[in-house]
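See the structures that follow.
Each of the next two complexes has chain A plus one more chain, namely chain B in the first and chain C in the second.
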Partner chain A sequence: MTLLRKFLLRLITTAVTLFGVAVIVFIVIRVVPGNPIAMMLPPGATDADIARLQAQYGFDKSIFEQFLIWLGGVMQGDFGQSISLRQPVSSLVLGRLPATLELSVVALMIAVVMGGALALLGTLYRGTRTEGAVDISAGMALSIPDFLWGLVLILLFGVLWPVFHISGRISPALNTDFATNFYLFEAILRLKFDVVADLIAHMFMPALALAIPLAAIIAQLLKQSLKETMHLDYVTLARTKGYNENHIITREALPNAILPTLTLVGVQFTFLIGGTVIIERLFSYEGLGNMAIDAVINRDLPLIQGIVILFALLFTLVNLVVDMLYAVLNPRLRHA
Partner chain B sequence: MRDARGNIRRPIGARLWLSGGWLTLLALAAICAPLIAPKDPLMQDLFLGRMPPFWMEGAEPGYLLGTDSLGRDVLSRILYGARLALVVALVAGTLTCVAGATLGLVSGFYRGWPDRIISRFVDIWMAFPPVLFAILLIAVLGPGLLSIIIAIVIIDWTRFARVIRAEAMSQGAMDYVASAQVAGRTRFGTMLAEILPNVLPTIVALLTLEMGIAVIVEAILSFVNLSISTDSPTWGGMISEGRTSVHQAWWVLVFPLITLFLTVLSFSQLGEGLKDRFDPVLR
Partner chain C sequence: MKLSRRSLLKTSAAATSLALAGLPSFAQAIDELVIAYNVNLPSWDPTVGLSGVNPTIQGFYQSVFDLYIPQNPDLSFGSGIITDYGWSDDNKSIWMDVREGVTWHNGDPLTAEDVAWSLARVGNPETGSPIQFIWGKITNIKADGNRVTADMPEYEPTFFKWMSFLTGYVMPKKYYEEVGADGFEAAPIGSGPYMVEKFERNAFVRLKANENYWGGAPEFKTVTIKFVTDAASRVAEVESGNSHVTLEIPYEEFDRLKAKDGLAGVAEPVSDIAMIFINDIEVMTDPNVRKAAAHAIDKQLIIDRLLSGYGVPIDTMQTPDYLAYDDSIKVPYDPELAKQLLADSGYSPENPVKFKIQTTKGFKPKDYEMVQAIVGLWRRVGIEAEIEVYEIAKHFELRAADQLAPAAFYNWGNSVGDPTTSTGFAMFGPSPHSVWDGKETFEAILPLWGEADEAKRIAGWKEVDRRVAENAEVIPLMQYVQPIVHAAGVKVTPHRSGALLPHLMTRS
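The block that comes next holds the complex of A and B.
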């Protein structure tokens, strides 16, 4: 019962947050100097032409009226028409979303594997130089943001030892018949391994750049909670039973140490998704973030609005899922 | 060496010295840029485009770290770029800290409706992708130094507000705060005299971190061509140009990147080092 109430309360605050985001974006982007309508017409256009088009996009009404019209549309799944690309915002944005989702999820998986391995390594060799090395490398990896890691990777694997592609999502020659925009997922399901390899070769560097800071956080936090768990009585009991150190860390300590890390990974995953904006730009990866920057440069107000709302929705969804996962995994919370 | 928490204590001294040393060096370079820069950072010479650094075949004497595609001296541009980077770090970092820490302190110590309002705004802010928000704000405010500083403050205040709120909240629940109240201090006086000194180490650590972040934000904005006018040399602008010509002239990307890398690393290590040093529990 309390869990259900908590969940409903969360849904309400989520709705309030999304509404707040919509209001702020709406106000902010309508103060943008530069008339998007004037930009899309040829230089010889008359004032009457501009006025007519403005009316067509609803820019002649007050901000409040525009917001109500927009909100009414959103309720029916209509996010308006992109000015620069002249297509419905919803189909443009949904077309790009899979690329960003695939990148984020691959990055998350890399981060979990890397961070988890580092934490286990540091715990297994605690008190030795290896632990010190893990601490220092995690500390350094954490202080450098994804943008700089991306540039470092471009130099390493794009120039010095050019094994990966530094731009794009897929080689044009392979970009043929996809039924969905989840290229990687689809290629794996259809067992097209040459396409999978090509996609990975494009995705590797941007995903790794996004993953490194998160991996460092996971390594630090998981190692810390493993350390605390290793002193608990039940772990000592397992040790006196004669289990070896590997078994004790992975079977006994890890399941209990993972919970605090999980909540943090949730919040950090939203930061990672936010990071895709500049990383996609850096690697010319055709995702949502890259489209967002173009939309700002082109003053494409409806498109900017749609993308920001989608990002906000994604962030709040991730947080919601993590909270529910936490409640399911943590027995203490379930019976509270 | 192990401290009270059983953690291996890292040598704090070396970290502080190295990061402090690099930042001092950078500050000196920024201040003395007109005196020590070998060339005019804006001077173009199309006959000297993409000259490699001094140790390589075909280097042009006088251009230690080579030239970019327009024949501008990379070293001089890095030195001049340090000016903008450090101004953004200091001014934007400090303003963000003051704004965010104040809101966090009020929110965490006073609780009640100020807390509800501030926390609601923090929630909304957390739902924005920060880079996109920054780009959007610069599009609204127009490019320029002031716009960058304003944008950083608007975006990043939550970083302070969230952490300081939590700290102020836990400090506020402690006995010494209650006794200060009993002793006749006002609520506001307690906040300034009792809570603030106790959260100061965290504020200092966050502040230096924020300075590093501010430098990055400026670089990212220059990278998407939204920072300052293209006349003034910026590290981000250099990186952006270097990215496009990385296969022909890697040095245009590498040297500003190394500078940026070390600067951001130094800011964060300085913050960590200072935090350890001022932490009353560890001391």
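The block that comes next holds the complex of A and C.
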């Protein structure tokens, strides 16, 4: 199967997956207890008032009818109006997506650097106490969930040694106009380093909290792959050629050992995006996750649907990209 | 600009130092007040939608907009945009005098036309005001000079009180009609003590002092309110000096923080009570069971043990600040009486009466723990209650459908302190917020809705409260105390409504 055919097939399955997610989410959030209309009822509301409100938000129709109306809107790019925020869902979620993406990408970069460094260190000093320390560190990092890391970081770098901001994405006093909602990427491109520093000072702790568990996974898997590769014939050949250990690990073993890690990073990246929900709340970071929690509390059904669909789209796209990348990098798949 | 690695590193280091040096500390003099608030602000229009009836965000609105009639920190009614008001002799019409010389944030004058338009707008069902059932009671609204008049075909004794309550804000007619709902949401203006300078949804709002405010310009010229919804993060915000003021943190943290150098704390009761709704179904139709449940609860013990002593026990839905508060109505803690009452109905600790109690968990301070303690106290006298945890949304849904469990823990706010907005809506059967269907209470409340004689009206509500307490038709538990921690350099005046108002803050 050619890469193009594979890509097209994946696109079709992605569309089917998204439709399935839409159906499930639409039904589930209407079946679970909690009615947004009941939350906005005034003290003196009569049955007629309740009926009027239900009609206003379309809840007087059957779930099937509501779904068809919603789907019709989605086909035209209209995800409805948020009940609590009184704004179009599409502009709300697309406005927040860049913040979550930036946080996730920075977290991923930190995780790759930390995990990669630990794996290389453990491989270089395999069989020594250093490798043991790497294993213990990775085990600890993995056994503590990201939100607990967040609390630890707040205590350390927010309170005891207050070098980073505890909440928000950017300092309110910073008067900077952005053309996009990708604040960090835009500030870097425009060489506004004071803004970059401020954004990093806000983003560092939530990104690190998200990165630590992923870094541990990367460290464990990459180290294992490297160790297996180190016993292969071509590595032995390199060793007999007189290359030093650093060269053998980084230039000979790593390119082959990294493939399984790459797949894992792709899959874990989707989990990392999911993890932003709690972390964004903890750090009052203005991303999609933070908005999702408010939407659930307020039973803002159109907004919940919009956010879940966007998360689902992100997950499937990331998986698609990883699969394609893997196919490109792996000659056996490329020519299969 | 030529960028070398060295210059990039230098610039980055300098910028990082600058950013880090910019982190505030409570040891520094306060130029810009930073508040870590516990909730987000979903929408800027204070008169429509879900936000209009959300009591936790009224502090934002009262900073930017003016209530028609403001409330002082002790909940007494002040003079605001409406300076004087009243009914005609036959109670068929109302009049209001509008303060002169007030301007909107854009410099336009605030006129009686604005007031008339604001009232007509929220009275129109199409606008989507959740309090339309009150605003819609006036018709034929007219502005003449600085006086607004309107007809009130059906007398509503609480009409002017609602002008201090949810959705009771004056809106700018000319500006709103120019920019529309979306434009207003993007760039709101009011006539309040602060103007909106910058608003990042779910992140912060930056306010600038309104130097022309009719009530005097606020002391802090710039105020940033950060939306920090996680309590642990709010504690860290104020402890690190990133924020100068925060609220609604665990009482243990409040006690710890206020003892620290550079920080202080204030904890005052607010108009928010904890209560147990009684649904007159299943075993709760037996008055002995209800009364036993009420007498078996040691409210002061719960406050002392679980809330570090922060709370005021109450026996009716009126707090001591409210108009119809009657300190002679008592439901004492009396476990022996509770046992006797249960024995009269054939129950005992060995043969307990069983029912379900619903509660939120983490919505209010120690809500679930309080219910656990209550269930423990009940068990001693012969009540076996099964706890079911529900979310706020579920509570509202069940309450509106009259399907709450026989007992359901929740809270009730009533910052205007009128008995109609506490006992009235909570106990009057047809209200979507009541699950009590008893005929006697319904008949006792019915004539009070339109009672024109104020003394008779209040006396009537006190009688209702007495019979509700005697029959244990609801179990009020305590008035909440709001913990506020602040930098020692700030003087915070708490407001009994629970709204944290930056214009009431000064340098100490």
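Throughout what follows, the second predicted complex is superposed on the first by the 305 of 336 C-alpha atoms of A that agree within 3 Å, B and C clash if a C-alpha of one lies under 4 Å from a C-alpha of the other, contacts with A are read in each partner's own complex, and residues count from 1 in each chain.
Methods note: a residue touches a chain if its C-beta (ideal position, glycine included) is under 8 Å from a C-beta of that chain, and two chains touch if they have at least 3 such contacts.
Worth saying up front: this structure is predicted, and the values here are computed from it rather than measured.
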Contacts of A:T13 with chain B and chain C, given as first, second, both or neither: first
Which superposed partner A:S91 touches (first chain B, second chain C, both, neither): neither
Partner chain in contact with A:T236 - chain B first, chain C second, else both or neither: neither
Partner chain in contact with A:G158 - chain B first, chain C second, else both or neither: both
Which superposed partner A:D198 touches (first chain B, second chain C, both, neither): second
Partner chain(s) touched by A:R299 [first = chain B, second = chain C, both, neither]: both
Contacts of A:R281 with chain B and chain C, given as first, second, both or neither: both
Chain C-contacting residues of chain A that also contact chain B: 33, 151, 154-155, 158-159, 166, 281-282, 293, 297, 299
Footprint of chain A on chain B - complex, ascending: 6, 8, 10, 120-121, 123-124, 126-132, 135-137, 139-140, 142, 209, 212-213, 216, 219-220, 223-224, 239, 243, 246-247, 250, 253-254, 257, 260-261, 264-265, 267-269, 272
Of all residues in chain C, those that touch chain A in their complex: 1, 3, 8, 11-12, 15-16, 18-20, 22-23, 25, 32, 36, 40, 42-43, 45, 48-51, 53, 125, 128, 130-134, 181, 185, 198, 200-204, 206, 224, 226-230, 232-233, 236-237, 239-242, 390-394, 396-401, 421, 424-425, 430-433
Touching residues on chain A, where the partner in the complex is chain C: 33-46, 49-50, 52, 56, 83-87, 96, 151, 154-155, 158-159, 162-163, 165-173, 191, 193-194, 196-198, 200-201, 281-284, 286, 290-291, 293-294, 297-299
Chain B partner contacts - residues on chain A that touch it in the complex: 13, 16-18, 20-21, 24-25, 28-29, 31-33, 127, 131-132, 135-136, 139-140, 142-145, 147-148, 151-152, 154-155, 158-159, 166, 227, 270, 273-275, 277-278, 281-282, 289, 292-293, 296-297, 299, 304, 307-308, 311-312, 315-316
